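By written order: A, B, C and D. Residues from 1 in each chain.
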């Protein structure tokens, strides 16, 4: 993607500047003072979806009953793998994010109980950010200059109480074939070094080694070993990560996958590739192609068992108007 | 207290009183003033688990690879059903519970972006209770006189920041056969009336009609139509519900199911059966038998399609030390 | 944009557009894509403070020991008036705002206590917005096109975890003379009608009637009766209010007051005066002149007792990086 | 208090045990199983208030207009001292407590503004515990065996959404004389060592040295230097503190003060005096005598200026049903 797309983005930005000038002087109808930005055509940077201008679920359109039936045929041993990590106040989290839990005993003050059967209960209050621990990033999560999947501008769909479009409550459960790419094995290490950037060629080599091919509708997951650092060296864990490069993001998009995930916190190589912008791979997948991203997946046991194909099942909590969700997908083999 | 309905519990309490008297006069070393209660043997009311005194996952012990393999064989059409409802600030919730979402744009004040690729993102903060919407109730959720599954006393394992035992993070994903009992069809109505109490005999009649039998390791789900009231008549929705009676709770426990669920907020008939205590059916299932409870499941489409057996997959978020979780299980047929 | 009402601002915006064009073509070094906006000189709309370009407390600079001594001389009867209203989940709140409280008993599960003296305690968790109930609005609260008091741009000082400049923790306690203007008496009603806009002439008439003059360093408070609607007719309460007009905001700024308050939720007349923008009076006071605003003050008893001059004392909670605070100022007479 | 009160408490507990035995066998009408505890007469440990069985404000009854007038006469220089510390996520806090702030820009997504005047604003969401930083502890905060001021039992007035009695919203502003006792000067150090327990005799020596006497209705504040450790050595700060001993708590209660405070987190010496229970001094003041406690006061400047008498003004936020509040009292001299 690198050498091709960046100039295009650059051109888009130049166009934006020009439009801004024209628009600023000629736009008496603009309701607010941010004429320069709002006048830009977000479609220059973020295209209208191939699933239509009204589409809100992107690559989830690739999900098909036939793929579900096919994926269930991959179940051999009956072993299940939970891909979600534990989440609590000690979980290393991105930037400002945090997570807090309160356990209460309502109506039980001083040892009080309810009814002749002495009913008691624990009741939990939670407070924090939806981007802590294992998470699903939806199509409204990441944008380019406040423009999101399918050319939706933040000013038109984002509200302080939740997004009005692109909310994850609209995305169906993701039930399809999962494919694991063991990058740690590929690099011959337990934990792939931060900044290591996986190219399309790296991916194809691993696929060949594992005797798997990526098909439309797949969920592709990278095992890097990086999650092993969480709880052991949180500072290093959060400061960088191995992951896909920009070309790999484009490559996976062209494969028409539903989602891409990894056992790290942002999927792509950090520090970013030379010349790459901030989480540009995520923009390619989510913003431009409507492909979901899965973070901090627990992939260790799959890798250990050399399970490279499996039935992947994710039913994510349906909080209205969210673009992220703390999840626990299940791999069934 | 009640002189009739709970003879076994009554006996336990008499014992408690006697112990209290002995203890109170003979216990100068007691560190706190609640000698009377703490001296009681909670095992009188809540037995030690058949899976051992250290067990923390109860009926999840029934989950077996062979059952997973068998359940995947039930997948015929590839159609998936999400059993989770949307959750937001308007969702009718039990008593004091609430749910609030905040969408923010960190680092984007005044339209600022990050990097040459103009990275922007929406980031959600959530605040509320884990018992809103479709939910999983774990073994630490409901107790008898502050004693919980496997004779665990609240004073020994409950902490303001989460339970130290019985937390749902220890419960594996629930992947097994799901069985739907269409009680609305049985009663010949769209929405079964509140207070309607399902007996073992009712259950057996429905099973026969559906040509299904309950097996150890199953997840049993009741369709009552009650969830249709949520959002239409929240006051009625929360004031009562149809559901199992106490004998049915015992019946299901004897069937060795993993979990029991329904499309209502507390599984059992409310108003409670004549003579029944407060959520006594839940105590039978969760506290005494270590069986999980699923609430507010969206069962409508399963019932409509007459799907009575299916692959049930639940990967619940793994918040450390919680006894409830907002979920979205998937039924696959 | 608007062609008439804000000629000065209009000029600023034209300048902005021109600068944007120049900047957009000539700024390869711009770190982000919002060159157009960031290039604008915010000082066109928001002036540098008369207390210096580094000033962060605005009119609090008017507070002087001599004024404190003088104000204490106003204390005659020793009667105290709390100007703060109760705040809870039923308090009518602006737009998305809410307030929730949880009372817990940590370490007291099942009636447990601490120590031989059986220590127990209630411990409260709070969640909500700082703009609910009686509140102080600081200099970072309200801006013009993301530019705030003393030409501070949001992009330079606002952070998701609190403002880095203009935080209320820097504002000293406000101890000075308070002056009450009984507008309800002036209009001969208990509750002044929504939309009623107080002009400088109205203010001067009331001052004369009350035999008071406004001096530099005063806190000026309007009694309108509007707060009586809170809890009685929340819909009406939030839909409008009587209050100052734009000229009165400018008039009060010229009087060099420290703060202006009222027994309503936004101080100025809503619906806004013909031709006025959105909370333009607040912009005049806070953004352009560094004057604090007090909302939802309980002024009823002061008005009833005809107490028009008093010692005003406000020590606001010092949450770092906030621009609002829920308060309870005290008037002492 | 030590040698006198403890035996009384011991007797109360013996009585409790006896009552429990009698009650447990003879109380068929008890609605729940905690007969032993609920049957005890809490008045054995916590007396009915001298201000009447319905009183909910305790020593605030000592506040009188004459005291207000007298206290204003202490104002000489017009200098104000804010006694509140800054509160943020780094503030060292008791046990499980925390504090988090989120700054948002509602309706300003992508740089959007409101109206022709381009209205923008910062809006803060807060989440945390009311016992962080400088705080007021009310009469419902601390109890003896779940019984609180004026013999109120937790089971009767505590609710998950706030206390139904003893809430701080009922306590009027505290406006009266403040007295500072410079204990750091007394011990000839900047920071008095943890565990140092101030006796009535120590207090009287300091009062004499400062030429002050404690009068009914006073707010008495101890300066120990302990707060200097906050932010420098949080672990030590939270592990102990100098403070009053049990006898001093009783002594101050007999002086009929309204509130007692200090520049530390729990007023009394920690580690506790030999033989003392857990926060027993707080129980004496709050639970038995209805006297308010102020924590983490910033007393440094008062001590530096040798201001030992002053006008004390506290208007605390009126959150309905809370027993604590984060505050910023003002001392005026």
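In this section, a residue touches a chain if its C-beta (ideal position, glycine included) is under 8 Å from a C-beta of that chain, and two chains touch if they have at least 3 such contacts.
Protein names from UniProt, one per chain: A, B, C, D = Cyclase family protein.
What you see is a predicted model, and the numbers here were worked out from it, not measured in a lab.
With contact taken as defined at the outset, chain C and chain D are each touched by A, B. Taking the mean of C-alpha positions as each chain's centre, the chain lying farthest from the centre of chain C is B.
Here the CA centre of chain A is 47 Å from the CA centre of chain D. Centroid to centroid, with C-alpha atoms defining each point, chain A and chain B lie 29 Å apart. Averaged Cα coordinates give chain A a centre that lies 41 Å from the centre of chain C. In chain A, 13, 32-34, 37, 95-96, 100, 102, 104-106, 108-111, 113-115, 118, 120, 123, 125, 127, 145-146, 154, 158-161 are the positions where the chain touches two or more neighbouring chains simultaneously. Taken as a contact graph, with one node per protein chain and an edge wherever two chains touch, the assembly is complete, since every chain touches every other chain.
Note for the complex: chain A touches chain D at residues 32-34, 37-38, 98, 100, 104, 106-107, 109-115, 118, 123, 127, 145-147, 153-155, 158-160.
Listing the residues of chain A that touch chain B in their complex gives 9, 13, 34, 37, 45, 64-69, 72, 75-80, 82-89, 95-97, 99-103, 105-106, 108, 111, 113-131, 133-134, 140-146, 148, 154, 158-163, 169, 172-173, 175, 276-280, 283, 311, 313-324, 326-330, 332. The touching residues of chain A, counted against chain C in their complex, run 13, 16-18, 20-21, 24-25, 28, 30-37, 95-96, 102, 104-105, 108-111, 120, 125, 127, 145, 160-161.
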